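Same chain, two partners: subunit A is paired with subunit B first, then with subunit C.
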Partner chain A sequence: MNALLIYVVSGITIGATYALIGSGFVVVHRVTHVVNFTQGTLAVFGGLISYSLLSFSIPHGLAEVLAVLLTGLIGLVFAFVTIGKRGTPPLTALLITLGLSILSEGIFVTIWGQAPIAPEGLGGATVLLGASIENQRLLTAGISAIAFILLGIFFGRTYLGKGMTAAASNPRAAALVGIDSRRMGFIAFAIAGMLGGLAGVVTAPFSPISFSSDLPLALGGFAAAVFGGLSSPWLTVVGGLVLGISGQLVAGYFGGSYQTVAALVMLLVVMIARHKSLSAEEAK
Partner chain B sequence: MLSITALSRSYGGVFAVRDVSLVVGQGELRGIIGPNGAGKSTLMNLISGQTQPLRGSIHFDGARLERIPTHRRARLGIAIVFQGARLFRGMTVLENVMVGATSITQSGAFAAALRLPAQRREEHHIRERAVAALARVGLSDWADRPADSLPLGQQRRVQVARALAGAPKLLLLDEPASGLRAAERRDLSDLIAQLHGEGMTIVLIEHDVAMVMKLATRIAVLDLGQVIADGTPEEVRSNQRVIDAYLGTEVSRAHS
Partner chain C sequence: MNPSMKRAIPTAVVALIAILIPLFLNDKTVYVQTVLSAVVVVGLSLFMGYAGQASLGQGAFVAVGALTVAVSTVSFNVPPLIALIAAPVTSAGLAYVLGLPLLRLRGHYLAFGTLAVLLLVGALMGGVPILGGGAGIVGIPSLGIGSLVVTGQLFFAYLALAVLAVTMVVSRNVISSRFGRGVRAVAGSESAAASSGVPVLRTKLAVFALAGGCAGLVGGITAFFIPYVSAESFPPSMSFTYVIMAVIGGLGTLWGGVVGAVVVSVLVQALNTISNIPGTPPIVGLILQYAAYAIILILFLLYMPRGLWPTVGDAVKRRLAKRVKRSQTDYSDQHA
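Up next, the complex of A and B:
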């Protein structure tokens, strides 16, 4: 019972990470139809930057917030490179994001070296239903929940969010009413940067990251996003949680090496099952 | 207000629009008609910026339009209603119309994201404009319905309201009556006449010749990409080239 609870709780925190990264995929894809494979890279940036800021003895809280803002900025730079030229086809843009993520691995190694790094987080643990759970994991779940609520408010309630939704649903009509869809794409990339950065910042303390962490993070996030048809933020959260919890259960009962396999199997199953709805979405 | 000079555009060596010159004056309701393939849609795409001209120029309010991207043209005061510009799905009628007011927004993305007071005021202002635009097309009661749940005739009116919310100087209507039933056509026709009566400058491109004949102050007739006649409805109706080119029976029917 105790073990099960621990698996579930740690699954939720990992799932929250996937969901954060996945909603980065969703935000960018909704607005620009680009699958942004720098999403895992941005998470790595977030974790490593927060580590560096903390080592410059910038206080906790401020360092983490700064790291998230900086990854937002990096997301914006990626946007300029990826979709800065008007009329770049989404497939070309996807290849550019792959290139950027490979380039970034070089940057990681140059600046931070190859060893996994764990910035200092909330120490200690809380006893919950007889299981002792790291505080940082609880923080991750809480902060992710807040991020999703803010994201929901942004898209559902604000005028800018409406403009972005409009640009996504009908680019032609959006341009005709004066919406600059490229600018909306830039904003989407910046938001995705902050989401990815946030994922890296909150999880790095309990799950050390290195230059090569981008791919597993991107894969998990992508699987969650595919669960949401690359367009639904809420299903992405569900997908992330399912993936995180099932991954932890598999790792706990069958061994850690099966975890990635479980994620990939789920990705495949979802893609095959959702194939129809995905292509229908594209056709519209 | 809108002046098109020697505009040409070809696709694969075939001219869709060839040496078209047109002037639309302030407060005018200019009709553009022509048989299928006459170049009406290409002309509209050239004005809206979805296609670039091969030669020629488009002046609007003293600005040269050809090099300006589509979304900036909207900010200059050109609003367009056409079939391809469907409503935004997943939004209510009012939200659709509010998005139409984008072209008059001032505050940047940053202010909007942070919901600064200036931006809140602007949002309030936009909402009021959108409500007024909906009232103008007679859809106030439908404001909170999902936009795609409306019948086609109403959706077309929402498109008109969306265009009006941006306070345009020029309203381009590209086949606004297509797919509508007779009663819906009549309502739309009344709405266009009413907007024109309020001083709006309108360009109406339409398949329905009778509708254009009834509404327009001047009509240009396109055939095979060229303007073959340009004048009042009476002049166009009696123009032999127009009758020969395509209308014949339809014009005389519209006359009776």
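Up next, the complex of A and C:
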């Protein structure tokens, strides 16, 4: 029972990471129809930048917030490269973001080297229902929840957020009422950058991050986003949690090496099971 | 000289140069790998360009081909030649079976689906003992029939070249056949193709299997060439490189795949040479490779989205057409 609880809680925190990265995919895809392959890369940026800022003895809190803002900026730079030129088809844009993630790996190796890095996080552990859980994991779950609530408020209540939804659902009608859908695309990339960066910042202290962490993170996030058809943030959260918890259960009861296999199989099964609704928009 | 012979001249010249190059190389590893990756890229270009689909996991089929050879020769003592023939068959078969559910996906989903397959193959190779486990498979015998065994890099250079030639001839014939017209129709518009009676899924499956077979054969040859197969032999970056080669060369053109493979390989080699100059810190080489790769890919996608071969080919054609036109006007001026 004790072990089960630990698996579930750590599954929730990993799931929250996937959900954060996945909602980055969703935000960009809704507005621009581009799948942003750099979503995992941005998380790596977040973790590594926060590590560097902390090592410059910038206080906790400020360093993490700065790291998230900087990844938002990096997301914006990626947006200029990816969708700055008009008329780039979505699949070409996917390959451009693939190029950006390869380029970023070079940057990671140059600045931070190849060894995995864990920035200092919240130390200690809390005993919860008889199971000891690291505080950083609890913090991750809490901050992710706050991020999702803020995201919901942004899209549902603010003018800018509604404009982005409008640009997503009907670019032409949105343009008629004066919404610049290209600008909305840039903002979406920046938000996705911050979401990815946040995922990296909060999880790096308990799961060290390196230049090669981008691919597993991107795949996990994409798998979560596929639950919501790359367009529903709430289903992405559900997807992330299902993925995270089941992954931890598989790892706990069958061994860690099966965790990747389970996640990949789940990604494939969900995509194939939902192929009719997923591919409706991709069909020409 | 008739026109078809005239058109064959450049091909013959390229073939001759390709045959001569390995004679002047001391270490032919890069040559063999370049030609072999051209084979994979021609197959991938067929799938991406003609069938209009993206695969980020083509390395999976290379890995399966290599595994077929490694496992069958080392664990089951299958004769090397039979193992080599089995490699493309296994990969093509696997591509067909995986394609049945996978090719219902389109666009981004298919790209990630194929990537997931690649990582699954990698995970299986790392975890299952008979597939190499963590240590990989060593002791793959030399290629040959009975006691007649071939070794030496020159043999592999020409074997790779022959395979490339066969792949290109087969692909060209496939594209210009009735089936090939169906393939191109699917790339244009699936619903239009379907309404004209093209069996869309079956067509895509056939191209996927063909591309998988090309990759499998390359994997099989690589297993004999390197004699070592492990989970780390086929990283995702290799599959991304195939896509980069296909895009830079020009999707949906046979020669584009070859041009892309050669250009990217030469580029990587040049960067390697620069970074190996004494006095350069090792990290610089790593950066040169990552950065140059990525920047070239991005610039190509943005400013030459059709790729080198079609863009340069069209420019040359336009130039020639202009010259012909000018000489015609000169002629009419004189006789006016």
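As a working rule, the second predicted complex is superposed on the first by the 280 of 284 C-alpha atoms of A that agree within 3 Å, B and C clash if a C-alpha of one lies under 4 Å from a C-alpha of the other, contacts with A are read in each partner's own complex, and residues count from 1 in each chain.
Throughout what follows, a contact is a pair of C-beta atoms (placed from the backbone, for glycine too) under 8 Å apart; a residue touches a chain by one contact, two chains touch by 3 or more.
Treat the numbers as computed from the prediction; the structure is a model and nothing was measured.
Colleague: Mind telling me which of the two, subunit B or subunit C, contacts the most residues of subunit A?
Modeller: Touched residues of subunit A are more numerous for C.
Colleague: May I ask you to decide whether A:I272 touches subunit B, subunit C, both, or neither, giving the answer as first, second, both or neither?
Modeller: It touches subunit C, and subunit B stays clear.
Colleague: If we overlay the two complexes on their shared chain A, which of subunit B and subunit C does A:V177 touch? Say first, second, both or neither.
Modeller: The first partner, subunit B, only.
Colleague: Let me test your reading of the model: by the given contact rule, A:V127 touches which partner, first (subunit B), second (subunit C), both or neither?
Modeller: neither
Colleague: Does the superposition put A:A115 against subunit B (first), subunit C (second), both, or neither?
Modeller: Touch status of A:A115: no partner.
Colleague: When the two structures are overlaid on chain A, which partner does A:L91 contact: first (subunit B), second (subunit C), both, or neither?
Modeller: Only subunit C is touched by A:L91; subunit B is not.
Colleague: Is there a shared patch on subunit A that both subunit B and subunit C touch, and which residues make it up?
Modeller: Common to the two interfaces on subunit A: nothing.
Colleague: What residues on subunit C touch subunit A, complex-wise?
Modeller: For subunit C paired with subunit A, touching residues are 54, 56, 101-102, 104-109, 111-113, 115-117, 119-120, 123-124, 126-127, 189-191, 236-237, 240, 243-244, 247, 283, 286-287, 289-291, 293-295, 297-298, 301-302, 305.
Colleague: Using the touch rule from the top, collect the residues of subunit A that touch subunit B in their complex.
Modeller: 86, 154, 158-160, 162-163, 165-166, 169-170, 172-181, 183, 187
Colleague: Please give the residue numbers of subunit B that touch subunit A in the complex, ascending.
Modeller: The touching residues are 48-50, 69-72, 74-75, 79-80, 84-91, 95, 98-103, 105, 109, 112-113, 115, 119, 122-123, 126, 162-163, 166.
Colleague: Where on subunit A is subunit C touching in the complex?
Modeller: 35, 81, 85, 88, 90-92, 94-96, 98-100, 102-103, 105-106, 109-110, 215, 219, 222, 226, 230, 257-258, 260-261, 264-265, 267-268, 271-272, 275, 278-279, 282-284
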